[in-house]
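First up is the structure itself, then whatever we jot down about it.
We call the chains A, B, C, D and E, going by the order they appear; numbering starts again at 1 in every chain.
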Amino acid sequence: MNAFIAKYPLTLFLLRRIGIAVLLLVGVTIVTFALTNLVPADPVNLALGDDAAADPEIVAQYRKEHGLDQPVVMRYLIYMGNLLQGDLGVSLQTSQPIAGELAAALPATIELAGVSVILSVVLGVGLGTLAAYRRGKFSDQLLRVISLAGISVPTFWLALVAYYFLFYQWGLLPGSGRLDPTMWAPDHITGLYLVDSALTGNWEVFVNALGHLMLPAIVLTLYSMGLMVRFTRTSVLEVLNQDYVRAARAKGLSPARIVTAYVLRGAAVPIVTVVGLVFGGLLSGTVLVESVFAWNGLGQYAYNAASNLNVPAVMGVGLVVGVIYIGINLIVDLVYGFIDPRVRTA
Amino acid sequence: MTNDMVVDTTAKLTIRNLRVTLPGPSKKDPRKQILDGVDLTLRPGKISGIAGESGSGKTMTGLAVLGLLPPGAAVDGTIEFEGRNLLKLGSRELNGVRGRKIAMVFQDPSTSLHPMIKVGVQLTDHVRKHLGLSKRAAMAKAEGLLEMVAIPEPREALSKYPHQFSGGMRQRIAIAVALACDPDVLIADEPTTALDVTVQAGILRLLRRLCDDLGVAIMLVTHDLGVMSAVADDVTVMRRGAIVEHGPRFDVLTNPQHPYTRELIASLPGNRIADPLEHGNADEIPDELESAS
Amino acid sequence: AGGANQGGNGNGGGSSDGGGQLVIDTAFDLTTLDPQRMNEPSGIRILRGVYETALRFTSADAGSIEPWLADYEMSEDEKVLTLTVKEGPTWPDGSPITADDMVFTYQRLIGLKGNPSPNLDGITVEKVGENQLTLTSDSPNPQLPVTMANPSLGIVQKSLAEENGATLDAATDKAEAFFNTESIGSGPYKIEKAEIASQVTLVPNEEYWGEPAKLDRLVFRNVAAATQLINIKAGTANIVDGLSGEQASKLDDSLQVTSEASNQMLYVLMNQNPAINEWTSNADFLAAVRAGIDYDALMEIAGPGTVRAAGIIAPMIPGALDVSEAPKTDVAAAKAALAASGYKGEEVEFHVANDMVVRGVSLLTIAEAIQAQLKELGINLKLNPQPVTTALGPYRAGEQGMALWYVQPSQPHNFETLNYLPDDQMGKRAGWPAGAAPDIEALGEEIRNASDAERVELFGEFQVLMNEEGPYIQLFLPPTTIVTTDNVTGLTMLPSGDFDITQLGTK
Amino acid sequence: MTARVDLNGAVRPARLRIPRAVRSPLAIIGIVVAVAWLLIAILAPVIAPFDPIKPVGDRLAAPGGQHLMGTDTLGRDVFSRVIFGAQTSIPLSLLLVLLSMTLGSVLGAIAGYFGRVVDEVIMRITDLVFTFPTIILAMVIAAVLGPSLQNAVIAMLIVTWPSYARVMRSLVISLRTREFVLADRLLGASPWRVLGKDILPNVAGSILVLATLDVGTAILLLSGLSYLGLGAIPPTAEWGSMIAVGTQNMDEWWIAVFPGLAILTVVLAVNFIGDALRDALDPYTAGTARAA
Amino acid sequence: MSSLLQVDDLVVTYKSFGKEPFTAVKGVSLTVSPGEVVGLVGESGCGKSTIARTVCGLESPSEGSIDFQGQSVKHLGMRKRADDQLRMQMVFQDPFNSLNPRRTVGSQIADSVALAKRLGGTSPMSATDWLEKVELSADDATAFPHRFSGGQRQRIAIARALAAEPTLLIADEPISALDASLQAQIADLMSRLVRDSGAGMLFISHDLAVVRLIADRIMVMKAGKIVEEGPTEQVWNHPQHEYTQTLLASIPLPDGLGRLPGLAPTP
């Protein structure tokens, strides 16, 4: 065993992680299922109209169709059985396969969150480093105010205010939706409009999609960028105090080289941690923003599913977010290893 | 070797009346006087030892030479190197001197190497910048350097990370980094404090050889008078930011003038050793470093 | 596509000579585009352009029902409706629309036991001739003709539907996926692309048998009400329906506002079951509440165009009471009744679905207003806001004491308001047991057996009685406020409070 | 030696130096604003010109005149409601932070100190919570419990404790094998004594800083829940639900903008304080003298 | 009288995930008798601290046995330590780490005093008395550790260990940060206190010169094994093992003669 561990540390690490991931996902399903079943409401009521709900035959038919006539435990087992076969079940609202609905909703959120993450990482790390270098100076204070304001502003409120001004009052940016209504989404390759339109060379759509992304992305970015600035500043400051930075300066290296090769590399581990958190948070935290911008992503979908007690859909969201969360954590851990050789061997 | 062989070579680096103050904990607090009129001369092929109590400003003196004092430091005096006052140089010019002409080995080997960058890169990036060598040539030079400081398997060592070496090896790598551009002046800040005696002995030999063979001017900071005695040509004793005693090694160690120096020397455990000569002689022990190069 | 005009605005490309496109923003409640499963307003609106019905309305007046794909005849006893399929209408593939298609459609609607199935509850459909069919009900069903105009009774092509898995039985029918993406009916439009969560586009059905579609494209977007206001002002939407009358009244002149009484009626439910609530079941307390509510103030909140609900029948439906007969606000009477009730300021729970917004009017806001009004009288209401999810169950089960809800007739016909009777569908929600109001119940029985013409009269009496004794306090009907950009033409309202998309065009 | 070395060559540990934190201008602004809001919350009945839950004027009146911030859909004075809103949002978020800090820290400390199964279980639970979209989880929990401020707090507690648990756990893990802990255990200290006497004083600072930064999050989350109709029960004045009403009346911008600004200023103030506190506590950023 | 501490064939292996296990101590036996000071020297990383930690139960031995006062030493798990093993105390190598930065120095020593009382100790000394004993002032009791220099902290740590009135003191490089004069003073104090109370001490250092000041017996360690063992003067004056000789030769002498010390083969 020890020999095996020594020989295949990465394989073993991955195996362990996958094991934990599976457990976690089972946990997610159980918790979601239990919670959604604890809600003192009957999904039948929401799915059926007044008249239909008053008709026992229709109610019975609906229950049968969606397996709601089974006892809770049975339903869970059936769900898990289907899940093992890759079947996420059928929406209580639309009777469509959850997998398909998620596949439609997820790219929208990923695109939005992805752009926000890129923006906040680039800006956050850049400005955070600047603030650390300018510690105590005016620009540091200014950045502090800006970044703290970004963290402090209620996102749903900012979304509305931004929408009102940037789109409505000043017409600087296009409004709701992922594209102008005149445009159809590019051919589905990844579901990310920017990527798909670029791949198919559909630049008109690309520009349009980019335009539509701006407003929600800015709103989301403000928060995560604020976070990134604070964290980057702290960890860069810490690194600036390290002897190895002073040693690098003693070698006569150019400031640019010192920042990129020595300082940021040293500060990377905490920064990557925050990036992971931010990305995870964005994926699951876009609910309110998505609703303002009519961005039909995972957040909206989840909100809708939850408010309609669409159990299979909520479960699906839980699983997807769970998988993403686990994936992000795994990537972050692997990146740690990449950045910090000490982690690699230890 | 004896102390009276001091040849008056021209000074390589001259520190005159160096004063450094640092801001206090807050803006209103008075500034702290860190260095209070330090004079020091480094000569090629000579090791100038600096001793002194902890916090007396030994490290700060070294940092001042390279312009690496903490932010907010106010410096006064002159540091003359090759006809220029280092304190007056612009940052670009200073960068040309740092690492190239004047190099420094920092007090703690485990923190002065970047833990996430391969040794090879840390050994070569300034070489490539200062000497304009290609990556390949720089690596070849680095390999030679590692060999010089007796790192086994130097080629493989280039692609390792600092944590993969022992403390002694890391200290030697740090020295190699400092020597990479063939500097004229080396500031070694307690290069052996963290090491045990056997490893320390090797490093002391290396320093000595650098002086003797390459004519490097070395400023050796240490609070260990044993080390001082072993390699320094002359000794400066500092206390509270000022020099309290200066002179040739033998004189200072055997006939200290200042009460502080006397106190230091009186309390050495070595002075309780009956007869030091009894315990082996340097010449009897095979010199690994020498045979390696 | 329209290209990049200012502000990313995408409305109508060539709008001068008809054609062009319209963008309609609405908060989707879309769950399916299978006509026989669909019963939600957004679906109904969209599918009206795709599928055609046997009968149809031509205006907001419920009496404007007229033959469309079929002529009709109602039997004397109001139990049998005979449809005779017209000649001429064809499917896109050129084949004629037949009685078989209609029978299939109706039977499928019944067989699927889905949301719209109650439309044909207790009805048997039979083909009775080459181009004739009958719909037969056991009891008088005077609203059958208007039911026929409901888009969930939109006729599908039997052969095509069957090819794609449609059957007459919920257990075997597999056609929903097909309908969701490729709905093809006999209407002027067909679905170009549909994403149920976000956007549906219709384009003209090139093979349409009638007058060709007026627009090149119709885009339905799922847009929250808050955003709709901005979109219509910015011109990125051509038609929005989520604004309150109040919001619409503040728009500038470049936008057209069409305000029509909707068929959605807000009412306060006062449960008659003492076990549920001691006070709501107290007749004097009920009277106090009824007289204590300041209806005008509430209507002001709902905004211009709001119509007072005089009784349980909505204004556009024959038999509706005149506004003058609506219960009046009478503080003195309310105080007297309250005194008589023995109420001493105890806390009374007031249920409201806090996420429910009717035509731009938030139920929560109205509930808060009522709470504030009744407080002046000394009635101490404690709001219990819950999401619809959790509130709906207890409401339907008759477990809520005092509650604010809205009702919407499923057919624009007075007949179905009989379910307000004790122990009927609505009566049960109010905890109103059979025998609780003998006079009303007797009148109800009389109405049931009367002729259509007599009913209008009797319903007047019925509603007055209801307004006196019934456990329902009708408040108002917020207007259906449709705001369009000025290039939109042909906005025709229907009795359901929606507009007919097939009539839309551009200037 | 690193720059942390002071004259004695002694590592300067993280330690509370409030006075220095207070010297930062932003912290002063933060404290002033926070204190002002606290006073506003306490003195609301005195300050507010109108009854916050009673319609007192024309509906949807624009700011100005009698109504500083206008009136809302029912004709209630927005200014008074914003002021009274402080009574709801501020104490509740403080309570929430206190609760989740306590719960999270205790569980995290147990996980970190005892390790093994306990640790696995607690950490997997935190994973579970993290895995789920916070607001959705809170939504479902609030739906299970029924909407009310109290339940919103419980729902938020369930989703917020894990971050404390995580931080606490990692702090405890890094401390539990520190030699001063071992030394105390060699002196026969029990686990609880170790946690309380040796570890707690060393983590309190970091946790407190986290908590300050979290007050803002708590206000935002609470507002978010109320915005979704799962928190405060009308007609209680609560900033989030006021914004929610405002969104349905975009033209009457004042309904949403002022409570939003209220949230912004409170949260910003708390974050200013938290940031300064963190600077003061952080051995690297504390003090001015340092090597670059 | 039987020995206070009896260690037989101790093997300690560090296992860590994804790494080859590393055996730091490879079969070491040693005894400490009452009233005896045993010095343990060796190069950095040879396993001295590991032995100290294992003896105190902070690491678990993979082989061999450790008996303290005839009782086997149990691994210090998460639970409270048994009373009969509290008579063994340790001074940790790192003076920066072994004091709680958030508790006053006095209270940390007071813990020990309280323990000594509880176990029936007789010493009348208080925490402040102990501080004075190690050349610090009584005022220092209310200060936090960060106020002290490395050397001062070492003395505080020593005071804390001594205050518990141990019957066995394991001292891991306890005076390395002190300057020369203090080293002698404190070493003297420790050996006196320990001997007077009939306790034993295992004194660890990498500096032979220091160990020589205090120990009755010296053990020389290299790479996890004891390579030489004997009475202090014998080891000092007549080192047998080549390694011991190297060690002695590498000590640079402050004689001002500029002689380079000897050099061992590089590790």
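Keep this in mind: contacts are C-beta pairs under 8 Å (C-beta built on N, C-alpha and C of every residue); 3 or more make two chains touch, one makes a residue touch a chain.
Bear in mind the structure is a predicted one, so any value in this text is a computation, not a measurement.
Following the contact convention of this document, A is the list of chains adjacent to both subunit C and subunit D. With centres defined by CA atoms alone, the chain at the far end from subunit B is C. Of all chains shown, the one whose average CA position lies nearest the global CA mean is A.
Two chain pairs are in question, D-E and B-E; the one with more C-beta pairs in contact is B-E. In terms of their C-alpha centroids, the spacing between subunit B and subunit E amounts to 32 Å. Inter-chain centre distance (subunit C to subunit E, centres taken as mean C-alpha positions): 87 Å.
Distance from the subunit B centre to the subunit D centre is 50 Å, each centre being the mean of its Cα atoms.
Mean C-alpha position of subunit A lies 23 Å from that of subunit D.
Taken residue by residue, subunit E touches two or more other chains at 149, whereas all remaining positions touch fewer. Counting partner chains per residue, subunit A shows two or more touched chains at residues 39-41, 160, 164, 242-243, 246, 292, 307, 345.
Each of residues 226, 230, 355, 387, 389-390 in subunit C touches at least two other chains. Put simply, subunit D touches subunit C in their complex at residues 53-55, 59-60, 73-74, 143, 146-147, 228-230, 233-235, 245, 247-251. Across the complex, subunit B is touched by residues 43-45, 149, 179-184, 206-207, 209-210, 213, 237, 245-267 of subunit E.
Interface of subunit A with subunit C (complex): residues 39-42, 45-55, 57-58, 61-62, 65, 93-96, 101, 104-105, 160, 163-164, 167-168, 171, 173-177, 180-184, 204, 207-208, 211-212, 291-294, 296, 300-301, 304, 307-309.
Interface residues of subunit A facing subunit B in the complex, by the touch rule stated above, are 242-244, 246-254, 257, 261-262, 265-266, 268, 339-342, 345.
Contacts from subunit D toward subunit E in the complex involve residues 8-13, 15, 113-115, 178-191, 197-198, 201-202.
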